[in-house]
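What follows is a single structure, and I will ask about it in a moment.
By letter and in written order, the chains are A, B, C, D, E, F, G and H; residue numbering begins at 1 in each of them.
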């Protein structure tokens, strides 16, 4: 990874993003490229010397604290890809009052990203409450039949709400690529 | 089936229940046992000459019209097993206002049975709103990854709400056996 | 279905859409509601008396003729939901020259919907060629391990291209709900 | 976890339960909250300063020693949720005489919780012997096709006995939430 | 099939067995080979002009009436392969008293074949009660997660009882081939 | 485990068998019960103070060296359960000449146990060559789709050869319980 | 299909192949294109006005009569793609003597195609006997865990023999495309 | 492993190949057989004292750096089995221009091996561009539904391109055995 990053910088690349970077990789790259930015929870490294002006807003909503790393990955990547980000955590469907508090942030967004594992029902509920596109990210948190994220994936794919599409399990990066495109286009940026 | 039913009656059995009875079976039994009762949608046949006094209330709630046959099976069987039944259909999580209207019926029940296929998120949401035990029945309605009911089953098993247990796919009879026991015990009957 | 449709019309509903309507259902509804519109291949019935002005463009691209019904479902629904639609069929990855011909239509769209079964690789390839959001619809066409569409679903979820999200197998309606929202927002409509 | 627990205590919460807490988490919380209670085998931490008067009885029955941690989780949580608990271990279906000895405890309970992995047949057998509701917890003990608990889950869901419902694999906490509700209601508590 | 059977007879073969023969096949073969023997429920056709003297006893035990065709297939084939057969149906684990009645027949056999679908727990229970080898046949009867027989197969493979081995789903023929060999050898025949 | 073993010995038990005992468990038991016997490769511990006279012969055949631990488990347990054992390793179907050399040992046995993972085809081939019952043990060795042993399990269950039944993946103990019963009965022992 | 075929002919195409053509499709095409060639068992239609000179030999080997349609599909397509074909049916691993008779035909081929369902072990055995490349086609014949062909597919993929690769279930056409290329190249044709 | 290798050498074997050899195994063998050759990334050890003259060319193409170890395994083994090898890495379908650069190497090969995990679509695209046989190797790299390689395996098996066959996940050795045979035969070697 160090070789790839330094190679890209030598060739003049101004934006670099490394996903799923464990502690050793991050340490090694930091030594070689001291000004690299880092988010330990999201396991991300990045350099963004010439970033587009942010346009459009993506709201990231999740159910539990265990979904935190994927929420961070969505948030950091979405910002790098040029959209404003708001994060709304701890919004589970088993406590609808918390969802009520989050509603304005959800309804004002140009795109909503729902991150959930055991509480994957959140994608259906949010999909019924907003008019903008919803990107759902199943997470591999949880145990028993929830382990690995397949249960959350299936639950999100069969959502009865309109306007919901799904990315791979734990794929915060993938969700950010499409959410940022949607939000930027909705804000008139290209 | 005709042989089994007439055999049981000859031996003096006063309560008989036939589940998953198709049209031909129902027709054949009706010819042999004219006073048998029948529910075509639930595919049930029954005789109940000496039924217990109903006690306790079970509310059956479902999301869509395609879940109707299983809802009927839960309702008819629960009544036969000695509990009062209320039915609340068309309560999907993508339209929370309908759930708000159904809330009193749900919160007054001694046991709630949630019947859902593509909208299996309903079990989680209902589980967060009531204090009584919830029995969830996944249904095999739906298409794509929802086909066969496995997606609904997994979604209900991983519900984050407290107080939820699950029966086999399309097993309205099984849900009724446990829901009636719970409701009758809560009402002080045995 | 007839009851539901006539009930909605009686209550003044101006837009109605029935999906997955087989020949008997379509015939029955046509008798009761003669001015209902219909698409036999897409198994759709609809009335759209007060439709929004179309805004934004969705290009639907598919690999083979067997994906036709889902392509039609995406196309008809997207138009009903208020976006312009272009359709580009017979664009398989095993013949990249056909993809080259389709490229202008793909790159000018505000949102691209890829419909594919055995040729699910198309989602990755298209995702690498366009800058707008891509919604992928796996189809259940094909045989052997492709039967039922799970193989296409997994293939699309693991696409390495940026900007791709996925809906349920054969869910042309679902793809249209999100694609139309994306395209309309990108065109400044709400 | 330490932050969450101390935060809840600072805000005056009198009942706190932490599930699936590994040794490091338990150690860290004990340092911050010295009077927290703990069950190492069940991986639980809890504070219960204002607990309801216990009402109703739940009997927890299991087959083998490897199911012990889940049995403990059910037992501790059920007590915290306000029901009396009896535990009956080492009751496998391959030795029916041990089941005969356990029968009085099973038949006197307001609710029976069956915890089993390779011996999941126990849920069917117990379901045929008691008149109260049965909650079955599949465990992930075992090897080969039993590994992970899917085999036990399917076996319990297809039980032919009446009155049996199932929770997620290894979900002792979930079983306790519904079992305690059932037992308390049967005992007239609310 | 007709060609194969008549070809074998022409070449002097004295024992022929056709499994999984539907009504049309059976009708066609009967026309061509009038003295062929037939079992409609087991879907078998056979000619056995020079059969070995039966030796040893196989007891076939099953849970429900829906397992009947496979029970018949085991019984007819085992007799053809040279062992005595006893059949004990309607012995489900949810009613252990019926199993008590069947016990002598089970304990006197040289080999026991357990045929069960939803009640696959029967294999474990029988395995704990007899000292002779047990061959378990999962059946594809049942619905929901029991459909197709995978649940019964897994349940039988993870049985905790000693002396149990399993054949393919619905494979009454396969069970008979091994059960007859075991019983004949135990009776000193070869 | 130490407690269970010493408890059984204190109560006068003369035969004890511990399966799947890892190095730490074996060390701990050896300290407490110095005369316990041990097989490290098979992960077994046992005491057999009053063993039956061996009767009948079981031949254990396997394909590759990686199946060694399960072969050892079958061999040791079968001896403990009272049958003679012969072991024939390195007999893969991709080299039929080695199978030819092993044939006499296979054909003289009262029962053959086939242990195989990637080379599960061996069960079919052996089943076609011997007249005695065959017990097949799928192993979890191998990688890719062979990982975990499911592929071997399915392959063995669908064997076209007569007289083959299957036990759980890696379940050498289970295979030994039934193989020893078969061999002893065939030799006239009880 | 008729439209596509006549369209291709109008545009001067000299070679056309339609796979998986049911009886109605074949009838309709025959009416429109009377000189089209047909193989009912293989469900193929074709026109080959300008075929390459055959070069190289492919031997197709299968286990049972139920694999016949796929064998025919491989054979007809391989001939159309320009290689000589030999067919060797009824060669199951449970009867190795038949395989011995087929050996010369297998060892002289430039490429061997193995077609098998329940007897998928045949691919491993053949792979161990020949020096040329082996293409394995799993078939969906069979019942229980063999149904659908997944078991055969996994078995063939985990073959321990060298030189074996696999195509999709029932994909005789796919096997022919690669087998013909291999055989033609081995014979020096291009 | 050390024993096996030295044993083979003692018996005069001139070619030895050890696959999936971890660092400890490689170290141990090197100590015992100092002149053994080694590829750490491919986890291979080999001695090849009397190798055939290379004939024919295999081009190995892969998508990402994480597929590197399997690419190395294919390359080293193919060379040992007697064919020339060219390697073309970093050719993903999301960037078709890189594929264009690799095209000459692909089209000149006698056999192409495609190694890919998340980018399994590469097999379809390459299959559409070359006339020689294509062997596809799914890899277990990737996360979410791509984890373990099943998604890549299914994607490659359902490829619409002609002339593609597949080996087990991560089975670079298996791919090399068939690719080398194809290439050598195409070059007229035997």
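As a convention for this text, a contact is a pair of C-beta atoms (placed from the backbone, for glycine too) under 8 Å apart; a residue touches a chain by one contact, two chains touch by 3 or more.
Please read all numbers here as calculations on a predicted model, not as lab measurements.
Undergrad: Name, by label, each chain that touches both members of the pair chain C and chain D.
TA: Where chain C and chain D share a partner, that partner set is A, B.
Undergrad: Comparing each of F-G, A-C or D-F with G-H, which pair has over half of its contact pairs in common by residue number?
TA: More than half of its contact pairs match G-H, so it is A-C.
Undergrad: Distance from the CA centroid of chain A to that of chain E, rounded to the nearest Å?
TA: About 56 Å separates the centre of chain A from that of chain E.
Undergrad: Taking each chain's centre as the mean of its CA atoms, how far is chain C from chain E in angstrom?
TA: From the centre of chain C to the centre of chain E is 51 Å.
Undergrad: Quick one: chain E and chain G, Cα centre-to-centre, how many Å?
TA: That pair's centroid distance is 36 Å.
Undergrad: Could you list the positions in chain F whose residues touch two or more of the other chains?
TA: Answer for chain F, listing residues that touch two or more other chains: 144-146, 150, 153, 157-158, 162, 168.
Undergrad: State the interface residues of chain C toward chain B in the complex, per the touch definition above.
TA: Listed in rising order, the residues are 4, 20, 138, 140, 148-150, 153, 168-171.
Undergrad: Quick one: in the complex, what on chain H touches chain C?
TA: 63-64, 92-96, 118-122, 124-125, 127-129, 142, 144-146, 150-152, 154-155, 157-162
Undergrad: Which chain D residues qualify as touching chain B in the complex?
TA: Chain D reaches chain B through residues 110, 131-135, 153, 157-158, 162-168, 174-175, 177-178, 181-182, 185-186, 188.
Undergrad: Write out the stretch or stretches of chain C touching chain G in their complex.
TA: Chain C residues touching chain G: 65, 143-147.
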